[in-house]
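A, B, C and D are the chain letters, set down in written order, and residue numbers restart from 1 in every chain.
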C-alpha cells in the first residue's frame, strides 16, 4: 500500500461513516448519549479535508495527520481514542513509503495498543476494542498463513464484524455506557460498530474496489 | 328574607359554585387564564366558613361579611368585583332585619352599581355585568308587577341565564379576555356564568327549596 | 401533569417555606403571604405582587436596591388586598409606599382596594402601572396592555431611586418614565399547566408557536409556524419597533419563559444584538436569563428600554436580591 | 423538536456569539472556542470545560473568584484538546493551571491529552476530577461516578482559593477535598432532545420519572412512578446518605435541570430542608436555581457538601461571574 492507498482508505472511511452516522448515533442513544455518529462524522470529515490540504508524503504521515485531525475535531471519548490509534499506527510505519502485509499488521497492532493504553479498557468491556482486537488477530493469522494485504484486511473486517456481534451480550464496563450496567446487555457497542466500518473501508480499498 | 335566609343563600351559592367550579374554569381557560372556578370556590368556601363563625345578625351584616371574605380570599378580578358587589348590597340593606321584595331589589341594584363602578365595564363588554344587569332589571320588572321575592328572584335567575347566553357572540372588552379580542367570540363569559349560579342559588333559597 | 410539588393546593405555601429557608436574610410572612426586608426608615417602601408562577418575579427581587416587599398570589391569580395591605404597612418607613402593579384587571383592582384601605389607615400610597406588552393593542376599549418584562426594569430602577432617597412622587415619576420607555413581546414554543387545573392553558401543535403570548399562557396575537431564532427575534423586535422606534442606547432583556434552556437564550440574544446593530441602535446594558417566567412554558420574551444617562446610572446602582445582584 | 436556534450545527457558535455580546467584560475566543478572563499574573489559572447544554456551567462561572476559562464542546460532547490547550495557555499567569474535569471518559481523555500537550510546551498543569454522582456505583469495573453538581462547588471554592494566592498543589488539594465531601443525585420528569439528532435521549411515560438520571439524559438507576416533591427529595437524600452520612454543617444545592420552573425548586428545597433538619443536620449555605442543566429536561438534582469552617470561608468569598455573584 502506498501513500495514495492510505489516503483512499481515509476517504472511504469518511464516506462510510457519513453514510452510517445515523445508525451509529442510534446505537449510542440506546446505551450512551446519542452522539457517536455525529462525533465521528465531524471528525472524519475534518480528517479527510485536512488530508486534502496536507503534504503528507508517506503512509505514516497520512495516518498521523488523520490522528491529529480526529483528536482536534471529534470530541467525546472516541475522538482521542481513534486519534491515538491512527497516530500510533502512523508512528509504527515510520518513513516507509510502500507498506507490506507485515508492516500493516504491526501498524494495526500499534493502533490497538495505543487505544488500549489510553482508555484502559480490556477486551470484553464492550468497547471498540472488542471489534479491533479480533480484527488485528485475524489479520495476523491470515498474514502468517500467507495472505496478501487484500486477504488479510478482508479477514480483519470479517473478524471485526464478528467481534461487533459479540458485544451484544456484553455488559459495558467503560465509557458512558458503563453507567447503564445491566441495561447495556442486548445492544451493539457503537464504537465497535464504527471500528467495523473502518476495517471494511480498509478491505474495500485494498481489494481495489474503492472509487 | 331574614338573616338566616341570607346565610342560606350564601351556603347554597358556595355549594353550587363548588359543584360547577370545573365548568367555570373550563370557560375561563377558553378566553382567560383558567382559574375562575378555582378562585370562586376558594372565595365562597372562605365566605361560608367566615359566616359560620361571624356574628352577623342582620342581612346587611351577612352580605358585608361575605363581601369582605370574597375580597380577602378570592384574588383575581372576580374577587374584588364580587366582593364589592356583596358589600354594596349589604350597605344598601343597612340595619333592616327583614328584607322585603323592594329592599332586595335595591340591594341587587347596589351590587350592580358597585361592580360597574369598580370595574368600569359596561353591559355588552362580555363580563359578569351582562348576566347581572338583565337579572336586576327582570327582578325589578317582576317586583313592580307585584311578584313576591320568590317570583322576582326566579325572574332574575332566568334573565341572568339569558344574559349569559347573550355573552356568547360578544367580543370581550374588559378583563383578561379582552387580550383575545375576536377570539373571544363564540364563548360564554365565565363571570356571567358564575353570576347565573349566584342568582340561581338566590331563587332556590327564596323558593324554600334549599337544604 | 408532572410537577415537583406535593399537592396543587400547597404549591404556594410550600414554595414560600422553601424560599424562606433559602433566603434567611429576608422575611417571609406565611400568614399574610408576603416576602419582605426592612422597613428602611425614611425610604419610600416599594411593594409589588401578582400571581405566582413567574419566579423569580417578584419575591426574587426583594432586597437592597430593589423591592421592599412582594406579595405572591396563588399561581396566576392576583394577590388579595389583605396581603397587599399587610405588606404595605410592614415596609412603610414613614416616606410612603409605592405599589408597582402589572396591568391585569385582577392586579389593578386588588392593589386599588389595598391602597384605599391603606389610605384609610393614614398611609401614603402611590402606584405605578406597568403595561409594556406590545402584543396587546392599547385601546380604551380593552383592559389595555399587559405588564410583562418591563416590570423587572421598573422594579430595579425605582428601587435604586428609592435607595438614593427619592421621595414618593419622584419614585412614582421615575417608575412611569421607565414604563413609558419599555416595550415587550413574547413568543411561546410550548404551553404550561396550572397545578390547580392540571391541564394546559392552550394547545400548540408540533410545529406551531404562539406569537405575542402573555405570561399566563394567554394565547397571543397569532399562531405561527416554528422558525429560526433569528426570525423569531425579528418578529418580536419589529412589533416593538412599530410601537416605539428602536434607536439610541438600549437596555435589552432576553427572558426565558421557564422551560427554555439558557443556551437557547444566548442564541436569541445573538440574533437580537445583530438585529439592533443593523438598525443603528446600541445595546448598552442587557439581561439574559429567566426573570419573569410562565411556569414551564418554553419560549422567550424580549424587552427593550430606551435609556437615558440618568436611567443608566440607576440601572447600574447596586442591587442585592436573590435574582439580581451587582455592585455594592 | 422546537428550539430557539438557527440550525443544529450552529447552536454552539451562535450561543457563543450571544454570550460574547451579553458579557463584554469576558473574552470569547470563537476560533479556539473558549470563554476567558485574565490571565492574572501570579495566580493559578483555573480551566474547566465539557459538553454544552449544561448552561450556565461552565461559561457562566468564568470571572473573579471562580474560573479563568471555560471550554464548551458541542452539545453533550467533550471539548477537544486543541481548545483546552489554547485556553490553558491563555490563562497561565505563571503559577500553573488547574484543570477541573468532570468524570466522563471523553472529558477525561481530552483534558489528559491537552495536559500532555501543555506539559510538552513547558506549562505546569494539574487536574482535579469531579465524580460526585452517587447514582452510579463507584467501581473499578466501570468508568466510575459521573461529575455533576459538585462541579459548581469545586469551581467556586477552588476559585476562591486561587484568588487568595493558593499555589497549584494547594488548589488541586482543596478541589479534591471539595469533591470528596460532595455528593449528588438527580431525578428527571422529562427527557431532552439534542439539537443534532432531534430525538429524545430516552422516553418517559406520562407518570414515569427517571431516578438517578445523568446530566446528558443518560437513563438513571431505575424508572419510577411520579410522586410528591417530598418523596423525590427523600429518595435523592437517602441515596446520598447511604454513601455519605448526612450530618453537621451542609452546603446544599437544589438544581433545576433546565425545564423545571423555579417555584418547583423552592418546593423541593422546602422538602430538602425538612428532611435534613429531621436528621439533625444543618444547612448553613444553599443554592436554589439552574446551575448545571441538561438542556430542557424537567427535574432536579440535589447536591450536598459537608462543610468545614475553611470551606465555608472560601464559599463566602466574593465571586463575580455571570451566574454566581456575591461579596466584592
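Things to note:
Operating definition for what follows: a contact is a pair of C-beta atoms (placed from the backbone, for glycine too) under 8 Å apart; a residue touches a chain by one contact, two chains touch by 3 or more.
Quick caveat: nothing in here was measured; it's all calculated off a predicted structure.
Averaging Cα coordinates per chain places chain A and chain C 55 Å apart. Between the CA-based centres of chain A and chain D the separation comes to 32 Å, rounded to the whole angstrom. Averaged Cα coordinates give chain A a centre that lies 77 Å from the centre of chain B.
Viewed as a network of touching protein chains, the structure reduces to a simple linear path.
Pairwise, the chains that touch each other are A-D, B-C, C-D.
Within the complex, the chain D residues that touch chain C are 2-7, 11, 14-19, 21-22, 52-53, 55-56, 60, 75, 189-190, 206-207, 209, 226, 228-230, 232, 258-271, 273, 283, 286, 288, 290, 293, 295-296, 298-300, 325-326, 328. Those residues of chain C whose C-beta lies close enough to touch chain B in the complex are 51, 73-74, 76-82, 104-106, 109-110, 112-113, 136-137, 141-143, 146, 194, 196-197, 199, 201-202, 214, 216-219. Partner chain C is touched in their complex by these residues of chain B: 25, 29, 32-35, 38-39, 42, 71-81, 118-119, 173-176, 178-181, 183.
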